[in-house]
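The structures come next, written out as structure tokens.
In what comes next, chain A is part of two complexes: it sits with chain B in the first one and with chain C in the second one.
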Partner chain A sequence: MKLKSLGLAAWLLGTCALATPALAQVNIGLLAGITGGAAAMAPEIIKSYEFAVKQVNDQGGILNGQKLVGNVADSGCKPQVAADAATKLVNVSRVIGIAGPMCSGALLAAANSATIPAGVLLISPAATSPEITTLKDNDLVFRTVPSDEYQGQALARTLLSRGTQTVAVSFINNDYGKGIAAAFKKEFEAKGGKITAFAGHEESKSSYRSDLAELAKGGADTLVLLDYGDTSGLTILREAIENGFFKNFVGAEGMKTSAPIKAFGAENLSTFIASAPIPAKSQALDIFNAAFSKAGGDVNGSYVAPSFDAVFLLALAIEKAGGDKTKLPQSLRAVTSGKGEPIMPGEWKKAKELIAAGKEIDYKGASGSVNFDERGDVPGSYGLFKVSGSDYEVITEMK
Partner chain B sequence: MDIFSFVNFFLLPGVVQGSIYALGAIGITLIYAIMRYGHFAHGDLATFGAFTALFVAGLLGLSPYAALPVAVVVAALLAIAIDWLFYAHLRRMPKIITTIASFGVALMLRSVVQIIWGVDTTSYTRGISRPENWFGIRVKPHELVTLLVVIGLVIALHLFLTRNKWGKAMRAMSDNPDLALLSGIDNNKVIAMTWVIAGGLCAASGFFLGLNTELRSLMGWNILLPTFAAAILGGVGRIEGAIVGGLVVGVTEELSVLVIPSEYKMLSSFAILLVVLLLRPTGLFRGKIL
Partner chain C sequence: MDWLSFTIYPVYLMIFMCIYGCLAIGLNIQWGYAGLFNAGLAGFFAVGAYTSAILTTSEAAGRLGGFDLPFPFGLAGAMIVSGLIAWPVGKICLRFRSDYLAIVTIGVAEAIRLVAKTEDWLTNSARGITGVPRPLGDLPYAQAQLAYLAIVGLILIVVYLLIERQAHAPWGRMMRAIRDNERAAVAMGKNVPVRRLEAFMLGSALMGLAGGLYVHLARTITPDAIDPMLVTFLVWIMVILGGSGNNRGVLLGAVIVWIIWSASEIVTDQLPAEFALKAKYGRMFLIGLLLQIVLRFRPEGLLPEKLRRAPLSEGALSPTGHGARIQAPHKEI
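Moving on, here comes the complex of A and B:
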């Protein structure tokens, strides 16, 4: 009896879902780690997401003049929080595509538990773990930010070419840290460098002096710290400098935040360098930067260009697919194929008219060409930065 | 490894960290002794205290040390207010309800901190303070202050509980609340007193955590587990147990790196908790059985 009524309830629910009328709005999800380890980056990323949504709506809306609605949700930079948020977006807000989340662990959980099973397209602007490349995603997971596989390798080659042969590596024990550390280690050792210590650490401890003492035992004077500059990375950097465990410090894009400069002052960070993806100079980037700063955004904020691209691409794919969820991945590939009329960031009206006329278009992303490979990844260009005044300054491009 | 690097990089950080845990654990153990429930909002109350000190120091242009007493008083008052608002009417209900309510209070406190002070990491002082060298032992001034203040607070608390009338009333109520009530002890006053002490010590633990590292909105939540481990290790309800427990947990965490991979450092406080619960559920100092 119980089973029967349950079945009935499920059937009723199913028909309800099928019978949902076409709404006068198109829902997409905007996931960002508003709380958690990468929270400092979230405000500008959300601003950039919403800026893209606004541009679409200001230029005639999506499909038949419908409104594009961005549902902001917090992925907490944590797997369980992100999975809950994505489930809610998919089942309650009924989104057909999601931009975000920012953190790699959050993305893997959200994709595996919510978006892939539901057939929802996901484009992340900031999750960089190499793990995501090999995700079995039915072509539903894309990134507008390059994988750390490339960055780890580029960082290893750049250090070696600058004459650093011996390093100790400390990484945060999550998908981001493990991924980039493994890529770095492989390339650094293959090219003849020596890694004296290679250890992970938990994010939320308040002292890492014993970890540092262990890392320093091998005698390296350079510490490669693959972590977030707002949480444990900051604590480790402070304790390493204070106690003189290492002389030189090398970080990746997670460390390139304003927190270390604010906390220690630039004068104490003269031996600190960090790599980060740099948007290749392009006309598209200039257009985006001008428009975004006019709208009150900070163009130097981390991942703002990829975030804009993620939302804009989502909108283009929805337009191209005519709102059909199942056609979104192939439509996304169609608008980034490298063939057809070029569309610059913000040129929504032009793109809409061309799509309506059945013409091919090719979106030129603010963060780069965004021509996805078969795994949904984009190639990247990186720069090595040093601290200069209250900000970072490029020393060299990395190859 | 020579003896100096052992002391400098393993023992000393462990002791400093342990005394921060101890301050929190005293509050947890005291609340359990008097009111018989685990208080999970303790970590976030510590965060609140730490940020209050930051606010006061910034507002009046004081050194953070001068702001500590203000933060302690504010957190003590807040603790009484929280008890009055959220826990008082649950007092006659099963204790598990209050325990769960304290989770809710923890989330609320954290959100308040995030709304007022944001989610960015900050610190009391800008710049790098290098440790001073005392015949090979490297101690930073604020580590020394941490240890001295913690010792001072513990002695003051001990004197209060053994010499003062209200301290004795608290111990009486911890032993047998009904009997204490019959002997004319005002339960409500004792409970308020408990919150003042627990809240004040909690703010101090948050302050010293912030002083030794950085201030961030999840800092208190992150030390909640080791703090509970410390309270249980020492024997719930025993002040001296909480202090010893805090030091043991702090030192073990740092020393664990020598034997297990550092990404499992977190595991050591879990492991201590498990072993104690299995082998000696009453804790080192024979606390009240959980």
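Moving on, here comes the complex of A and C:
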């Protein structure tokens, strides 16, 4: 027995020694839900992470020509797995910054139990829960993807300004649906709108008629449906149209898929509008898309642009801080302040020279301006879409 | 100072071993001593985690809370509430034979997960509870981890000693008697349903305790932490691998399985990138393989239950009463 535990201890020590990094490199962590519920998105996100790392290394490396090394780890889209992976990254791989994880629950656990106590900067490209905004994070948690809160609020304001005063709200019962619905409700009611019914539903039921009947009781003729257009959202929309429960339908980005158009045809969707983030048609996005697809990436992959931005920003912050871990958050803010020479995605060499010369720089993200607010969030840019032919068309930008 | 930071990961590993140790001892009471097939550990774990989180956090809009109680009250609450939830479940389900009980407990765990995910006023639904305090959590990183390990380790030692004592007391012998031959136990005048319920509630309370310990470590709980694979099945593997019916065995199982689960990633990360990514899926395979090997070559587990043999003719009885049970569930009325 004793021998066995000795062997275990020796193995454990050995693995720790193996993983101790060499000196002439800067380690960052790349967390993604390789296994688990969001595994389908992970390959493109990792490709995007590594694409950013490669660009830094191809253009002279980081600090004094050191190599930037991305340590990929699995956050599993689960709190326990993510906290475990983050602890390993911080204490075994000795990273000074982390990009990821993708899922909100995973981020909360990883940040609380590893990165915040260790003072490691974390930038998530895909966790959208409003709960992250209120995290006590010593300014160490940032994200390059807007919180669900913003879209909910923007949607509420836009509906009111279009003259819709009374709505019923139905949302899918997960952190996405819940977060966006709660933000919508708060803003809509604060600005004088009336919500006659507000209810969540479980995904993938075969019928939602009873839910719809309940929602329609309040007498609103507009249904705000915060769901996914490929699954339960499609079922609800079909049953609501068929039975005439509601006249007008409003969705968010999850509903803006091709499935409803294919299923019902554009002529039946004249009263359907949906909001979605507009990837703010920018020069930065064009540059990123061209470079990323040339490198073999899929530019339509979910969250690839925010993922690239997260890693590139991490590298810029490290460069600006001279590799000093404690200065990373303020350096990150300095390179995204909106002032100074603009830096496009991939312009690492230019940024490096400007930082060395002591000049201000401002990174223009592929996913948007990435000018963080005081809580480390970015405001999103959203548009309201209607169905036109076999696709969607922007009606108006949302403020 | 820097040498201290090298201890953080091993310390973190050990904290998790202690939490899993609590879960494994809880399951050992139910399966190892009483022969109850509980496949809903995640549910009781979640009840404990949420109870402790609600009791110890400060006021939050829109959900139950604001009790701000100190950490020990959170843990006590976690055990009590988990035990109480186990009461009706056990009262109804313990009449079922073992495989039916497994199905029912899976259902109960899923119901608990859905409640946690849906009920705004209770658990803040899908967004979960954050800002759960950790005792001595304001210390620097390494010291805070060590302090928490000390707390969790102490609690595990106390649990272990108390349960060992209980197992060697008449209560433990009686539970084993009920497990191995229910009719004989009834004939001896033992109240089988009540005793089973006791074991079920005690085990569930320990699972709740583990949930409480976890939530103060992670300082946050969201419904996606209620994961049957990470909580229920991993613990089952620990118990079977280590040796059900022996508390030292299940603790050894917790240590081995958690090292394989967590530390193996450090080794596989040394592989070339394309293999390293695939290897992340490999850890599940590795653990499954280990279970297969153990069940094939050592079905009684690494540290089997020590049974005092009665001086009877042994041929009539199965030689290792316990190990045989894993392959073929014992027959009951």
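Everything that follows uses one rule, which is that the second predicted complex is superposed on the first by the 238 of 399 C-alpha atoms of A that agree within 3 Å, B and C clash if a C-alpha of one lies under 4 Å from a C-alpha of the other, contacts with A are read in each partner's own complex, and residues count from 1 in each chain.
By definition in this document, a contact is a pair of C-beta atoms (placed from the backbone, for glycine too) under 8 Å apart; a residue touches a chain by one contact, two chains touch by 3 or more.
Note that the coordinates shown come from a computational prediction; the quantities given were computed from them, not determined experimentally.
Undergrad: By residue count, which of the two partners contacts chain A more extensively, chain B or chain C?
TA: After superposition, C is the partner touching more of chain A.
Undergrad: May I ask you to decide whether A:173 touches chain B, chain C, both, or neither, giving the answer as first, second, both or neither?
TA: Both partners, chain B and chain C.
Undergrad: Kindly classify A:104 by the partners it touches after superposition: chain B alone (first), chain C alone (second), both, or neither?
TA: It touches chain C, and chain B stays clear.
Undergrad: Between chain B (first) and chain C (second), which does A:117 come into contact with in this model arrangement: first, second, both, or neither?
TA: second
Undergrad: In the superposed arrangement, does A:35 touch chain B (first), chain C (second), both or neither?
TA: both
Undergrad: With both complexes overlaid on chain A, does A:46 touch chain B (first), chain C (second), both or neither?
TA: In the superposition, A:46 contacts chain C only.
Undergrad: For A:85, decide between first (touching chain B), second (touching chain C), both and neither.
TA: So A:85 only meets chain C here.
Undergrad: If we overlay the two complexes on their shared chain A, which of chain B and chain C does A:212 touch? Say first, second, both or neither.
TA: First partner only.
Undergrad: Would you please give the residues of chain A that touch chain B in one complex and also touch chain C in the other complex?
TA: Chain A residues touching both partners: 34-35, 173, 200, 202.
Undergrad: Under the stated contact criterion, what part of chain A meets chain C in this complex?
TA: Against chain C, chain A makes touches at 8, 12, 15-16, 18-19, 34-35, 37, 46, 71-74, 77-81, 83-85, 87-88, 90-93, 103-106, 108-109, 112-113, 117-119, 129-131, 134-136, 173-175, 177-179, 200, 202.
Undergrad: Of all residues in chain A, which touch chain B in the complex?
TA: The contact residues of chain A facing chain B are 34-36, 39-40, 42, 173, 199-202, 204-207, 209-214, 230-231, 234-235, 238, 241-244, 259, 262-265, 268.
Undergrad: Once bound in the complex, which stretches of chain B touch chain A?
TA: Per the stated touch rule, the residues are 5, 8-10, 13-14, 16-17, 20, 114, 119-123, 126-131, 138, 140, 209, 212-214, 216-219, 222-223, 253-255, 257-258, 261-263, 265-266.
Undergrad: Please give the residue numbers of chain C that touch chain A in the complex, ascending.
TA: Counting only chain C, the residues touching chain A are 5-6, 8-10, 12-13, 16, 114, 117-118, 125-128, 130-131, 140-141, 144, 214, 217-225, 227, 230, 255-256, 259, 262-263, 265-267, 269-270, 273, 276-277, 280-281, 284.
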